[in-house]
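This is the structure I want to talk about, given as structure tokens.
Each chain gets a letter, A, B, C and D, in the order it is written, and its residues are counted from 1.
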């Protein structure tokens, strides 16, 4: 199939939507983004890639980082991780404290903020002071790119304005489900959100999830086959907050979005995709990004269903 | 692959679990079941089938019926159906009224009781007095078996003890999301739950969902390809109440369970499966049935992820 | 103190508010009311009464009836009643199902609909087919007026449109906290809501609550002193749904409102008051009635605080 | 009436209950208390006092401090205060985040932790760095006792273990209902909770609330008559978290409890009472203290109802 042609069709069809949605504004550093950008990259197992739009443009990966920390934590802890964070859809907005309260501080899944914070805490328990460095090195490794780093301004901005995340971590701590210093954990979490990547890098970085845990470009096993499948299933059921059902319904691929405007998606045993467009729909997911992926599976018939 | 051998292995491995779990007891007619039964059937596109256990034994399909009414309603209404019932996981026990209240009478998805009741109502709007007959005929057709019918005792029992379902329908009605007489709708719903089928029949009945909407045994298009995929996605994200994430995580197939002890699952583009064992886990899904399907995808590597 | 003069002042001061608020419209029979009416009656222990406005005009007492059924049930069951219905404020709109679900079918207090329905059920357990007759006779007795009766049109209207109440009773039944036939209980409840009384009658009917359980006009003990005080405390903390705190704050008297536009209030050891005006504030309480009572305690310094 | 004799009767009757309940243990400094203590003080308008038990023993006043900060804030802001904190019962455990989330960061009343934290914030807006000093001076003044101070160990303990309160303040801040630095506000709040007083001091300190805002011992107006009544009404409807209805029901007096084991209560136009016993019931209120006050109003007939 001529994927380049598919990307070109998609670029044309999403154009009228570029004015819709709203850039995330909860921190000033995110609000000041060029909001008409669009980029989409496909990475195949043999290293072939297809790109459209500004695929060199780096944006903060935000919640897409949860995919990498979940991988690290699941790899280390295996089933024990479920005692600390579940894998059920949350059925509530992404930063809801309600469910957490009714469920005694065990977040529903690693892709809501509460769950990602607990996941970060499990990593701090292993890697101590080197936790963020370990996360960053892991991303550099799966993406084979040493140049990746954080945006210090975004990190500081998250730190200054992240009141709901401070509320979450303190509440989870009150249920004894945070084992390290609150400041160490929350700084790790905010730093991972501030990592800057472009769609080319991200599509390469998640390729191992499409290939049963093995990076097809290096033949290195990143995670076991069965764990890779489980990560994909959590992406499908929980990857888009309270629009996860809708994403599965319309796109039909495991995916994970970030409030910075990026979405990664995985076609099992075939390829990885990343799309970027900063304006968000009502659920906090890239509006054009979601549409582009829906067009992609419609045109290619690559839905897993 | 030798699927018969796989089924035989599974039968051995699940044996120690046959004592675990509890038969549904909310109505007397369900509680009086032989609780050590196990049956599993696979149906291929060419008509080949593989069976183990008591695959002739008929049980009430209960919530599996929601799959057939959702198919009928989606086929007729298309996108308009979403104004009445959503397609997001509910993140709450299957009969919760809470979420319904916060979301103004629009059930989260067609597989929780509230959503299935609204779906039944949309069918009563079309088929009036013939609604249940239409549903039953549809099931007879997709399964090519005229002998299927309801168990009158179970139907009466549901009617007499279904207080939560009466609460649900009255509440939805108070939000004007029930358009027909409460008694007509609830009787339709209770009747569809009381339909008796065995695992052979059920595996044949859902085969069209594995084959993009076309019954491969008759080549008849039951529903469009894109709608069939969407039904599969809703099964994956919402098919097992508050254990949907766990089922996707462990089994990795679209599936739908019923409190009668049956579970159907679909391997897209390959086959349909039905498993039966009446004892339920804490989430109201067949305990042994869930395990059997997990063993199946582990052994066959047929997870969609 | 010249209470007649106080009433006259109040009538003047509330005039500009008579256009505000909205008549209850959930049933047609209530919506068709003359919405500029105002009436207020005071009844003293020696039989003296003070009246202003259309104090002969009869309106449906609605939730004020809960006061009489709670009195009957508490008199019969004593502390045992608390196993079936609590006495804590609900902190939620008056017909909320949420709290009921989290608290396993035990309504928070006898003045929210769920609690009044359970109270009605406890009376049906005692008085069987004569339950409504017993309630009506009790009201006739405390008010010394044989002419009181229900409005059949309002009763039928409640029956036809009371979907939320049907939802409530079915849900409570599912927790086994309804012991009689749903139809018998709900009809009793709807009938008690449809009783027609004017402000003179209602002020006389609740006088025993101001006088430690003894009707001062007849010297008859209706209920023990300690129970009378407890009924007053429940009126104060729970009498106005989710505006109970505000009513206590502004008026400072135990009171109970009905969606028909009436409010009764009790000045312990002094008098009983009833005010009527059919337009409701956002909390479902008579807007002008609440204001009139606030003016009353400000002018007379009769707040219990 | 011989109040000393009443206190002596009460002391005898509560003795068998001194073993019931549990001392607060959420911070170590509270857990290490002598848990069999009992003390009760009555203060009359003419300065006469009645005492029983160890009425010189100082305990941390904890949530009773909310009464004093609410007085200060209501005095300064008047009705404007309601934009920031309501006056409705919460119907939920005292530190619930759920209700806060559904109500956009406006706490239900000044006596739940969230509401007291917002109240502290409104005081920091006025008194800046002198806020805690102003609160402490106010308490010294109404109690005419310069020796009152905080327990530094309890303060530090609250600071180190108050994760839920940190969660609350961050969440409220995310709704922009905290206007000052989080650290300044929370330290003020934890300090006010750590103030040490005995039952004699506390009964004197709340006497102005029994006397329509005027300290009868000094004739000084602390707050207006109408505001004093309103504070009493909030005590009655909200003073005991989710047992406020029960306290009103059984005791029938405006009161405010603290997790340190103290309860103050007010008999309007007559006296103020303070009781202390550190073991708490399931609702976090002094078990023996609640019973002692119930016995008091039963014996003296001083319930406001």
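Points worth noting:
We adopt the following convention: a contact is a pair of C-beta atoms (placed from the backbone, for glycine too) under 8 Å apart; a residue touches a chain by one contact, two chains touch by 3 or more.
Bear in mind the structure is a predicted one, so any value in this text is a computation, not a measurement.
Set against one another, A-D and C-D show the most C-beta pairs in contact at C-D. For the pair chain C and chain D, the distance between C-alpha centroids works out to 32 Å. Chain A and chain D have centres, each the mean of its CA atoms, that are 47 Å apart.
The multi-chain contact residues of chain B, meaning those touching 2 or more other chains, do not exist; every residue touches at most one other chain. Every pair of chains that touch is listed here: A-B, A-D, B-C, C-D.
Those residues of chain C lying in contact with chain B across their complex are 96-98, 101-102, 163-164, 166-168, 170-171, 173-174. Residues of chain B touching chain A in their complex: 86-92, 99, 108-109, 226, 228-230, 232-234, 236-238, 242-246, 248-250, 252, 254, 268, 298, 303-305.
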